[in-house]
Amino acid sequence: MPHPFEEFRAKRQAGNEKLLDTENLVTKRLMSLDKQAYKDAALPANIKELLALTASMVLRCNDCIDYHLETTVKMGYSREEIDEAIGIALLVGGSIVIPHARHAAESLDFLFTENQAQT
Amino acid sequence: MPHPFEEFRAKRQAGNEKLLDTENLVTKRLMSLDKQAYKDAALPANIKELLALTASMVLRCNDCIDYHLETTVKMGYSREEIDEAIGIALLVGGSIVIPHARHAAESLDFLFTENQAQT
Amino acid sequence: MPHPFEEFRAKRQAGNEKLLDTENLVTKRLMSLDKQAYKDAALPANIKELLALTASMVLRCNDCIDYHLETTVKMGYSREEIDEAIGIALLVGGSIVIPHARHAAESLDFLFTENQAQT
Amino acid sequence: MPHPFEEFRAKRQAGNEKLLDTENLVTKRLMSLDKQAYKDAALPANIKELLALTASMVLRCNDCIDYHLETTVKMGYSREEIDEAIGIALLVGGSIVIPHARHAAESLDFLFTENQAQT
Amino acid sequence: MPHPFEEFRAKRQAGNEKLLDTENLVTKRLMSLDKQAYKDAALPANIKELLALTASMVLRCNDCIDYHLETTVKMGYSREEIDEAIGIALLVGGSIVIPHARHAAESLDFLFTENQAQT
Amino acid sequence: MPHPFEEFRAKRQAGNEKLLDTENLVTKRLMSLDKQAYKDAALPANIKELLALTASMVLRCNDCIDYHLETTVKMGYSREEIDEAIGIALLVGGSIVIPHARHAAESLDFLFTENQAQT
């Protein structure tokens, strides 16, 4: 039985493909901009991912949180570093963000376990 | 096995009936206003539904999105037209709205399939 | 088979324990402040819980709504009183809050049934 | 020279009159519901005003905050009680609410001074 | 002395020019997408502007509201039609949107007066 | 005549002092947590300020944006780096964030001019 995070991955990829099938110019361009925005430039890519994770936490979007948790773990941030970004999000966004911090903690357990298994 | 959209319909109707059982004046009046607001007036009903769909997208409420997708499809908007309203919502609301656009795309697949089957 | 509200309780408690395991100072202090803030002071604890319930409704966080519904029922508010707080939240937050009012009505049915069974 | 709070009062009243001139059914009915919702019922009017104040704080609307500060002061809440409602709003809504708590503190200074002058 | 709406126009244009001076790729591309998105396509441009106005109302951004009020008036919508879009925004977004509806009513008085003077 | 940013600084400091006068435990503790959270730890202080800036942008709070612009400039970020953080906020939060990006660009002009004058 797949872990909820693996289901999220599959559902997200299928959804994005479906979304790009719609031939809508604005949607296509926003999604391509979303791909290009997180590259190394004046700020390194990993910091941009951490910025997007914090933004996703205060805006309370679990799918967005999970995606940026995956990228920040891939880019080498430690659990302690990611937890500090989550702490800033909790402080800025308040106790209403706590359920999303609980969700993030579960996803991080999965991602760091998967990470170790791969090394 | 029912499609998720059919489960949404059933759950929404049961929930609204339960809500109207509560005898709360403010809730009852807000819900009756919600019924009256989308009728033809200076603006035709179908445009009002498209406005509510876009508002539901930028406010990121999947149940609200699904309900207004159903009404906009019923009222005869094409997939291309609804996708353009979704594109405006993505632009105004940003990439945080993308997961809701993925959700909307799945619901639209169901609604247009159901629509064709009925004709 | 457990009621969805019982699953919420179990998941919430497990999640909070996991969250407190993270040793992040900001998270720990925000969560301890969250425990202390709802005690009797100039305002009685039950009114503070009703304030937090209304805030959770307009901010549209079901987990937060369920938690404060449980505390307000425990503290002795009647269904009519809680429904009026929900009505205020619907008026302030608009029809986008209706799906959360439907969710709250289901949770309240469970909580008041459980409450009677215990007396 | 009028105090900013007095300017808010004048501007709000003129704006509401203008708004009611627009002959729009939905706007008229929502505004009349807004007048009726805060009357004594299962919950006393003063608690409903405190709920709306907290909701206005977490939704970060200064005009809404000022209006409900005025009503809560008129209804006899002490500075300490109102400050506790603001504290709950800060905790639930996070540090992003602090600028609105600063605004509320200024408005409360004016309102309690005005209140004493009238007694 | 310029009308507040004229000051908004001047400040907005100066701000956009400054923003485009920053040479930031993401900002530049988002702003160019913002220009292209509102052209006639499956949906006519005027309906897209009405969608963006409603989205701006429920997201409570006065600058965004003023900009889309200007475009919807330019595109020939009547006061009654625009007021209905505002009514939908009030219903979906709740009483927290009322201060923005007051702001919109003032802007509309200016825009329709200016419009008549030009004909 | 003071620059708007200098007026913001003075008003913010006066407001925080007033806020801390209120003797409210929750407010005092949240504000002290707000001071402690941005210190060097697993993440350096400057990255935390950049996270808070991005969160303030997507949550659309100009006072919060100005405060974190001031700290990020003080901590040595270049205009290009801060503009990239703003770009991420625009992408995540959408075109509704553009007015706040315009505000940020004006504040940054002031802050970098002030910075050069001091060196």
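So that you can tell them apart, the chains are marked A, B, C, D, E and F in the order they are listed, and the count of residues begins at 1 in each.
Simple rule for what comes next: a contact is a pair of C-beta atoms (placed from the backbone, for glycine too) under 8 Å apart; a residue touches a chain by one contact, two chains touch by 3 or more.
Predicted, not measured: the structure shown is a model, and the values here were computed from it.
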Touching both chain B and chain D (chains): A, C, E, F
Cα superposition of chain D on its sequence copy chain E - rotation in ° rounded to nearest 5: 120
Chain located farthest away, centre of chain C as origin (C-alpha): E
Homomeric contact chain B-chain E: same or different residue positions, threshold half: same
Length of the line joining the C-alpha centres of chain C and chain F, rounded to whole Å: 32
Mean-CA-position distance for chain F and chain D (Å): 27
Mean-CA-position distance for chain D and chain C (Å): 24
Multi-partner residues of chain A (at least 2 other chains): 25-26, 30, 33-34, 37, 41, 55-56, 58-59, 64, 80, 83-84, 87-88, 90-93, 95-96
Chain contact graph, described as a line, ring, star, complete graph or other shape: complete
Touching residues (chain side chain E, partner chain F) in the complex: 12, 15-16, 18-19, 21-27, 30-31, 34, 55-56, 59, 61, 63-64
Chain B-touching residues of chain E, taken from the complex the two chains share: 33-34, 37-38, 41-43, 47-48, 50-52, 54-59, 64, 78, 80-81, 83-85, 87-89, 91-93
Chain D - residues contacting chain F, complex: 60, 79-80, 83-84, 86-88, 90-91, 95-96, 98-99, 101-103, 105-106, 109
In the complex with chain A, residue positions of chain D that touch it: 58, 90-97
Chain D contact footprint on chain B (complex, rising order): 25-26, 29-30, 33, 36-37, 41
